[in-house]
Amino acid sequence: MKDLQIWNGPSTSASHVEPELTRRSFLRTGAAAIGGMAALAAALAPLRELASDEMPNLDQFLQKHYKEMSPAEMEQALERIRNKVEERYAVRPHLRDVKPMEGVEFAYALNLSRCIGCRKCVHACVAENNQSRSPEIQYIRVLEMPRGTLDVEKGNHHYDQPTVPNADHFYLPVQCHQCASPPCVKVCPVEATWQESDGVTVIDYDWCIGCRYCEAACPYWARRFNFAKPNLPKDQLNPNMSYLSNRPREKGVMEKCHFCLHRTREGRMPACVEICPTGARKFGNVLDPKSEVAEILRTKRVFVLKEEVGTLPRFFYYFDERYPNTLDPEALAIAARLREEEGDSYGCLPGAAGPRRDFIAAAKPAWWIGENA
Amino acid sequence: MNQPTTFQPATTPTRAPGWLGWLLPIGFVCLAAVLFNSSTASDIPLAPSRTFDKSTLIVGPRRVAMQDPPTVQIEGRPQSCNGCHQIFTSSHPGGAALNFHQDLVLHHGLNNRCVNCHDTADRQKLTLRDGATVTFAETPQLCAQCHGTVYRDWQRGTHGKTLGSWVTESQAQRRLSCNECHDPHSPKYPSYVPLPGPNTLRMGDQSAPVHPEHSGKQNPLQRGFNKPASDRNNKVTPDGVHP
Amino acid sequence: MRTYLTFLLRCFRLSFVGDYRYYAWMFFLTVLVLFGINAYCKQLVYGLATTGMTDQVSWGFYIANFTFLVGMAAAAVMLVIPVYIYRNRELHDLVIFGELFAVAAIIMAMLFVTVDLGRPDRFHHLLLRFNFPVSMLTWDVLVLNGYLLLNLHICGYLVYCAYRKREPSKYVYVPFVFVAIVWAISIHTVTAFLYSGLGGRPFWNSAVVAPRFLASAFAAGPAFLILTLSALKHFTTYEVPAKAFMTLRNTVAIALSISMFLLGSEAFTEFYTNSSHVASATYLFLGLHGRTALVPWIWSAIALNSLAMVLLYLPLSRKLPVLQAACVMLIVGIWIEKGMGMIVPAFIPTPLGEIVEYLPTRNEILVTVGIWAAGLLIYTILVRITVPVLSGRLTYDQPFVAARDPALFAPHPSSEGVVR
């Protein structure tokens, strides 16, 4: 015990003799060191659970940023990913790097008078883009909003009544708006996310370090993070993939809506636009004056969410002239009242057999006081 | 500051017993045992992935519109309209009840007569307001008579559905006509069953309804919403409830 | 060079020398560190889902502790300013302990950021594509590493000069000290700008975030220094003058008052305006739509801070035990207010109005405690080396055994003139 100096009070002479190294002290020190090593090894023990394809890989370590890869290096990376997907899902994917089309800038428009909140867009997107099912990742969120407000805090994300649409509500789906002044691109410390020439804000999944600053910065809550290893059942894999869009991601990286660029850069529609049963979603090239979205931007009263944040989104919302009769309680009330009042002759066009009806008076609500009252 | 500026030296602790030094290796070995045996299973609350009917995600027109020349299925076989209607005539063309076509439900706003749209002389054509007729391939012109603004939007592409491609007027682009979405006899869209809502990691209990609370003052907007006594939620339409 | 290597070797050996209390303390910290490593390995295997973070609340306990510790590191400057600008000679030796604490705090902060990353194996991407000057995180990386190097240089140089028994050259360290004063302010300002530049988070998007950060840091940091100097005073015979405690006490009292004032200012702006941007503040202070998880925390923090502030202004706190109690209270209060009370509410409700509450998981807490223990371990070792060197017991011309002499804790008369 001599080498463990216990406090003996201040001494006036420094001892100049090295304390003896006794066998006991050597054994004790050695035992402590070995015990420490054993404890460290035990602490590191969970690492043996790492799957083989998650172990650090030299190719992946040396892989360059998307913008710096030569075509040969990109092909090498694609081949590595194809092999990995084939190994994990037993399907050889059609994986390529799709470049933006020239003279194209995408825009998206959503008709809030037509959205009925069926959430088919949410699940079509999930079926198309190889997201993790458990934990669940969905790029699109549909909010059930009460009439008269755009304050998303009043929206309900978790509506689950037997049928939609719910009267007195409208439905507001939100996904990445591919903003022209994106805060997520501003804050990324490694430039893993950027906006391409056709307007899509993309992520290089092999470059992202997973700091989640972009997720904190997005005003529309559009970005998702893989907190766990993505769980995608083999039979739900979509083999039509591209490097920047829907190839299967790994844990620890960000992902988000990318306007299905593996489809749209080849002329097809995004999955959400194609599935929408009411045609509420419109997509196209805003630089083409004859495209649907250009028509909408010219003729409809479009607006964007949270305009005051200054993100310049390319996702526009609009309402048609008024709520369609499916959602308009007033129109439904008028029709019900007329059916009651007119019985058999209800619905006769002017000139047909049956009592005449004053169409204009019938169209006015009961409280209307005007010249024809 | 009236405190003394020097501090007392630390007190002398008593000499520790010799075996104390062995506690260190023993402690490490115990720690190693505890760590090694600690559960390696993750305690992440993963909800099982949900499945639902995949037919809800089939891409395509919502319904099949009547072609020109129009046919109907009678006793399992397609028959042309004139096959019956050139032989049989109706006693009350204005408002007769249907003997056949009982599967049809007319729920088209203010219309309750078939002949508002169907030509009395030739059932294989549709009639316009001025008496002219159009074929079943040109139904949008008929709809446009009353729904002019919607027709204008449909022509521009801002109403209705487009399939195939966003490239304007390309081969792959296909604009759906009115009846590929709307049943002409009951055009109102049926209610849909919403697909499952979000169930994200550690979401918590989201079943509680959201009540806007702001300073106890009532929003004037709410005063304009007078709810009538009748139940307006989710009427079941003739189309039935659509998945 | 050889002397320097010997010095390093002796430092290594010295960290294993001590009495049973020292060994108990170090063993306790090592146990915590090993538990932390174990928990972090689980996190590496299973992903960040082992924490309580979600897409809705994507920054939590780790970033909260990171924010707090960057502030603590910045507060070392609160000792530097009185000594170098106001030429308060008595506190001179204590500057080193403050800066060593800054080193430990910065290392802890950097460890917290590292464990928060989803892909720490891609750290090198920061070197290859660095989004400077647009991304505030890149500024943070630069200033934190720079501050660490600054403090290592200053402390290392002064300690090594004491070891070599030579007068430190003013030109080698004094300019860096003045740079460190400005740099310390900048590390915490940059960290505050990380948050205040985000338009999508109205709770953070306020100019008062940076001043609040600095004020609370300059309260909690010196408070921590009071506690570590108390520990030095108790466990060694190193003379800590009462003036040091009183100067620090004054600093803490004023900084805490400013911090409370800024908190009140923020609360007024939010609640009086009562716009839709007040949702996060409502969640924090009053609860939102029936969700009240953070309400008891913030009110405890306010209570602790208020009580500490009152105590610090009373003459009662001139007594060391009362001062220590006040310091513990305000450190806990500021840790809550700045950590969970600043980071988490900005995510609730989400920008789309959803409310998902956050609670750290057991694994997350183990990693956090492990990192704190590692920082305290580093700081203990640094102090363990510095005290003998500054007292003159560990020098290049004495055999190492002199450093093992318990008398090392007695101030050597000849050490008075060594460190200037």
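When the chains are written out, they are named A, B and C in that same order, and each has its own residue count from 1.
Please note the rule applied: a residue touches a chain if its C-beta (ideal position, glycine included) is under 8 Å from a C-beta of that chain, and two chains touch if they have at least 3 such contacts.
No experiment lies behind these values; they were computed from the predicted model shown.
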Based on CA centres, what chain would you say lies at the far end from subunit B? C
Chain with Cα centroid nearest the overall Cα mean is chain A
More contacting C-beta pairs: A-C or B-C? A-C
Per the C-alpha centroid definition, the whole-Å distance linking subunit A and subunit B comes out as 18
Inter-centroid spacing, subunit C versus subunit B (mean Cα positions, whole Å): 52
With chain centres taken as the means of their Cα atoms, state the distance from subunit A to subunit C in Å. 36
Specify, in ascending order, the residues of subunit B that touch 2 or more different other chains. 9-10, 13, 16, 24, 27, 31, 35, 40, 42, 44, 46, 200-201, 206, 210
Subunit A: positions in contact with at least two other chains: 4, 6-10, 36, 39, 42-43, 45-46, 49, 135, 137, 141, 153-155, 157, 227-228
Scan subunit C for residues touching two or more other chains and write them down. 19-20, 23, 34-35, 38, 42, 45-47, 49, 54-56, 237, 354, 409-410
Partner subunit A, residues of subunit B touching it in the complex: 9-10, 12-13, 15-16, 18, 21-22, 24-29, 31-36, 40, 42, 44, 46-50, 52, 56-57, 59, 62, 94-95, 109-113, 116, 149, 153, 156-170, 172, 176, 181, 188-189, 191-201, 206-207, 209-210, 212, 219, 221, 225, 227-228, 230, 232-234, 241-242
Considering the complex alone, what residue numbers of subunit C touch subunit A? 17-20, 23, 30, 34-35, 37-38, 41-42, 44-49, 51, 53-56, 58-59, 113, 116-126, 128-131, 134-138, 141, 194, 197-201, 237, 276, 279, 346-347, 349-354, 393, 398-399, 401-402, 404-407, 409-410
Residue ranges of subunit A in contact with subunit B within the complex: 1, 4, 6-10, 25, 28, 31-32, 34-36, 38-39, 41-43, 45-46, 49, 111, 116-120, 122-124, 127, 133-138, 141, 147-149, 153-168, 227-228, 231, 233, 264, 267-269, 273-279, 282-285, 288, 290-292, 295-296, 299-300, 320-321, 325-326, 329, 332-333, 335-336, 338, 344, 346-349, 352-354
Subunit C contact footprint on subunit B (complex, rising order): 1, 3-7, 9-10, 13, 16, 20, 24, 27, 31, 35, 38, 40, 42-44, 46, 200-204, 206, 208, 210-211, 213-215
Which bits of subunit C are touching subunit B when the two form their complex? 19-21, 23, 27, 31, 34-35, 38, 42, 45-47, 49-50, 52, 54-56, 233-237, 239-243, 246, 274, 289-290, 318, 354, 356-357, 361-363, 409-410
